[in-house]
């Protein structure tokens, strides 16, 4: 197992390199640069800016510099944020996005799995339809509409929660629910599908033949097998949540890393784009690695040479 | 011998999209304390369904026990609440399934799956249950039980898994053991070992055994009494001795004659029973076997025969069997 | 003398049987009818609706639902119900074409990775890791600059990144299925790798995949709405742009966002019912 | 049973959604603002985003300017009517009081001696000299350096990035900026520039502290290093979340009434309005398109603040790209757009119809210019015929490019409707990602695109040459009119203000007849302000926050 782990971690390097290269080339191919604005800057000013940030050097030199600095943990400087170090911006934003992401993930699990189980256990019953209905409603309202609706109800009408910003727990409630809605619906659907699959297996009948209480049959025998496919989709959802969602963070004004990439792209802030995409790639690769390891833990049939 | 289990007029139907399948249609059988009986018949004749009905493990929907009684030591299992039924399953009556490959939970260790029932029924602590599980594994002949207990089902062969199933079944010293074609999925050599193992254990613990099989050779050697099932009903019942030597139902005759015998010359080709097993949704009128029966008389296709005592303690559901001597000759 | 009783039960192929069972599943039928009605409505709207979808009337801006305009009017006085049906064309295309890309790309890659195993699996999975972090935004802007803001570039952009989840799911399913005996049995009969994958592995992992696909349809429509929220949506009217436009005036005319969102909801319900119906119908083990 | 159940489900969906909708449509009476005692003078407004830089010498965007205005003060400031007033400078130099040399090239500024920094030190002419030289340095690459290229040696110094240090140092010393003594600053120009006073009044020329910048480097704009001479000091900056300003204890001028200002960074405009309704903000923008609903809202209707801004929205042609090189066609298209329908109906009366380029509220505005472009379909058709397109089908495909942002989409759709309704032209809309759009226009690859312009300083000198001079920095219409260039050159150096303004007026007439652009409307700021806010003074050049020039005069009362 350790050999496999090491190999996977070593593989991180080419993955990150590939992501860096793709992003770097796309970034420079895309029309419009960091200094293009509606009110055009004087050409000389643009020239000075390019020189200041090293954009006048040939592309492969810039890419080389970026990689060399990245190795030392310096992801370059952001043009659109007061020349603050991208690493520093990411580190200050990460705790906020991560907290939100983790809370949303657990919410999605705590809502999704029970709903999915209930729907599977009482198939074609009221509960089943209710879970399908709610799963669909949450899945079919885009993040920013759901977010503003929640905000209108709890802040504007009921004056219970602050509309946005970051500070105490009250700032977390609405964004984490808005973030968790879609994954929760998704997890509910997948749990229902895989529960139905597992409930038909022979070993469940064997468990019942042993006289085990239905509760034990459900938790120890059915759920443990049913959660394997759920894990396959939970992993990427967690990666998505951890990396933050532009829409939710933008709507609830959360100073996280979720909106950095999009802001970076629209401002053609090369430093910010490269920094945030590498961070996201790293987070996704790690989460996928964790999920694959959890695979082997949960499903003994899967062995990694 | 007082009957440990009496199954009376048991009927279990399945509501499918094409119609109602009468899998078990008014079955009577019983087993005494410490006695081994056999339920014989082609696959699809309702043997397994009747066993699952006893333990009320029929998935509902689509299945449903529509009528009958299952008296176990006098109490009708069909009337018990789910809670009470759970106390019976695994403790009083245990079952071994046919398909070892899929009957064990792939994500739990073998040791855990055996100790589970012990903890529940015997209120053992985790450690004692685990130790008892190891003992049981040795009892059923699994080498290095200590190490193997931590392995997972996919690391065991078919035969080994079936031994685990046996260990699991006898873990709580049940009064009745139902073995549903325990050896079908394993090769002959293992088959004999498993059956000897089961016989040894049942004799030692005084457990009654219902052996469900389509293998007549196995029945002859292990069961005292035999019930022959066809199309969801018992068509013949008697001691193994009597049924083998003086079969009182054409279907049993057909079954026996389709088994190769050592004392017959090699060249004679085996006789088979004509036609297909009947459709349980639209069963043939009268005796369900009459379309395939070589000795059928007009009455057979009109009235459905019940079990009648055609010989002392030897019952058969066949009008023709009432004439003596039977048109088919005895098997020497 | 023995009369062979002709079996009374008709014999179906798996697809024939699936169709029969699908027809019996009332919810799936409701789902399919809504989708077909919607497609029909989208095609016929220019001839049926009294208002051309793009005619502006500045005297009736942001009106609430009325008899003249059952779904009200938008910020340029255009009839919302007509635009909704017209926009269905784009949204249905976005929803469905992206799934075709997802199926054509995601499933094969996932299957090959799992079936091949070993080095190939590792390489493909690392490629998937790269794709996970693919800067789709940059790609969309680039493709959009080259191809212009057509919806086709949207299919490419959304589909190109959405297949990754399906690939991982299919791989996960097949990895656990590979251990099953019927696979070893098939191999024992000398079946080749691809044959096993196509005939045995894929049909058995169809269940969760269908669930994911039915989920991906609205997700694609959102992706389009999210892209327009960010500022690079499609050029033709679509549910995504209507939701985004409605969002901008939600404090003045909430019905502008409610109706398209409801439409996506009902479309999603229909695809979910259809998906469930399909999965149950296609699953041989459920043939009772 | 199943289908009945599904129907009831769908019904509940509709009800749930409608309830939520009713919640936001129903005018929520803002409860009597939670009885924060009026005495706490804390103002909370929305900066709508993290400023890119708050270093005066580098800043350019509106949000950045709003922050700098609270912490720094320059030689001059603007009154509410945008006339100049002396601030750090004692008086406004003129040829009469000897402040400006006869040839208009040398400016001598007398400074007040009592002006202090927030850390107590004195503000001297050296601070100004250092600031202007730093702002022009090629290493700093300040956005607005090009505004000060009139200063002697400025352009050469700013362009000397590739020269060695010694040459740069030599150019730096040769700059026409000199602190004669602690309270006198002298600036010499390469050529006379009558509007230079307004240019030197802008934020890039605000004083900065050399010692602090050399000590803290890039970190000098982080609190508490951010030392300024304005009424407030920056006490807290949680990046991407909020900034907090407190009264500057050592402020040399009239103490502000507010004890604290909080700049929140709510990017989404709906979230900003929700925050306002939840009493988290005292001021808020109004989402474009909801103006009419806000006007008719029983509560919000009474909290609206509207005032004209020196901002014009127009469309710009690329006159080098057929068919737009045909002036008759351009005039026809301009006449075929019903501007009042847009302003009065689509925008609910917010903003003013614009028939000429320079907006009202600043010198150079001509109310009766551009009358010939008033909406007149017959005339437009006639002009189309004159242009040779009597038969529309002969007209090649017209394409319109715009940056794909909320407000722009509605305007573009409106134009599409106008072209179809009035001239039967099927215009093709090409929404472009904002940055790509800016590049497209700068490289003049557009055919017919969007053009928005706001005043840096209220003078035609900032509106005409920069956009319509041949090859000028922001001239992307490709418009080139030698007569205009000659007139502009003359006007730029004309010292007599009356004559100068007349020249610019004539130049605007020229442009409007050539019609390289189609003016649409002058923007009107339309915001919500809580009734507790008093003393708010707005100007046509306000930045991100309404009234940000005079926040020191604002106070909260019951």
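Note that the chains are named A, B, C and D in the order they appear, and that numbering of residues resets to 1 at the start of each chain.
The rule is simple: a residue touches a chain if its C-beta (ideal position, glycine included) is under 8 Å from a C-beta of that chain, and two chains touch if they have at least 3 such contacts.
Source: prediction; values computed, not measured.
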Chain occupying the middle, per Cα centroid: A
Greatest separation from chain A - chain, by CA centre: B
Computed distance of Cα centres, chain D from chain A, in Å: 37
Quick check: how many Å separate the C-alpha centres of chain B and chain D? 90
Centroid distance [mean C-alpha coordinates] between chain C and chain A, Å: 21
How many angstrom between the C-alpha centroids of chain C and chain B? 49
Can you list the chain D residues in contact with two or more other chains? 2, 6, 13, 20, 24, 270, 433-434, 436
Mind pulling the chain B residues that touch 2 or more other chains? 154
Send over the residues of chain C in touch with two or more other chains. 141, 145, 179, 231, 247, 250, 261, 265, 269
Report the residues of chain C in contact with chain A in the complex, numbered from low to high. 118, 122, 125-126, 129-130, 132-135, 137-139, 141-142, 145, 164-165, 168-169, 172-173, 175-176, 179, 207-208, 211-212, 215, 218-219, 222, 225-226, 229-231, 243, 247, 250, 257, 261, 264-265, 267-269, 272-273, 276, 279, 285
What residues of chain D sit close enough to touch chain A in their complex? 2, 5-6, 9, 12-13, 16, 20, 23-24, 28, 31, 50-54, 60, 138-143, 145-146, 149, 155, 158-159, 161-162, 218, 221, 238-242, 264-268, 270-271, 274-275, 277-280, 403, 433-442, 452-454, 473-474, 476
Quick check: in the complex, which residue numbers of chain C touch chain D? 26-27, 30, 54-56, 58-59, 61-62, 75-77, 141, 144-145, 148-149, 231-233, 235, 245, 247-255, 258, 261-262, 265-266, 269
Please name which positions on chain A make contact with chain B in the complex. 201-203, 205-214, 216, 220-221, 224-225, 298-301
In the complex with chain C, residue positions of chain A that touch it: 7, 11, 14-15, 18-19, 22-23, 26-27, 29-31, 132-133, 135-137, 139-145, 148, 182, 185-186, 189-190, 193-194, 197, 200, 228-229, 231-233, 235-236, 239, 246-247, 261-262, 265-266, 273, 277, 280-281, 284-285, 288, 295, 299, 301-302, 305
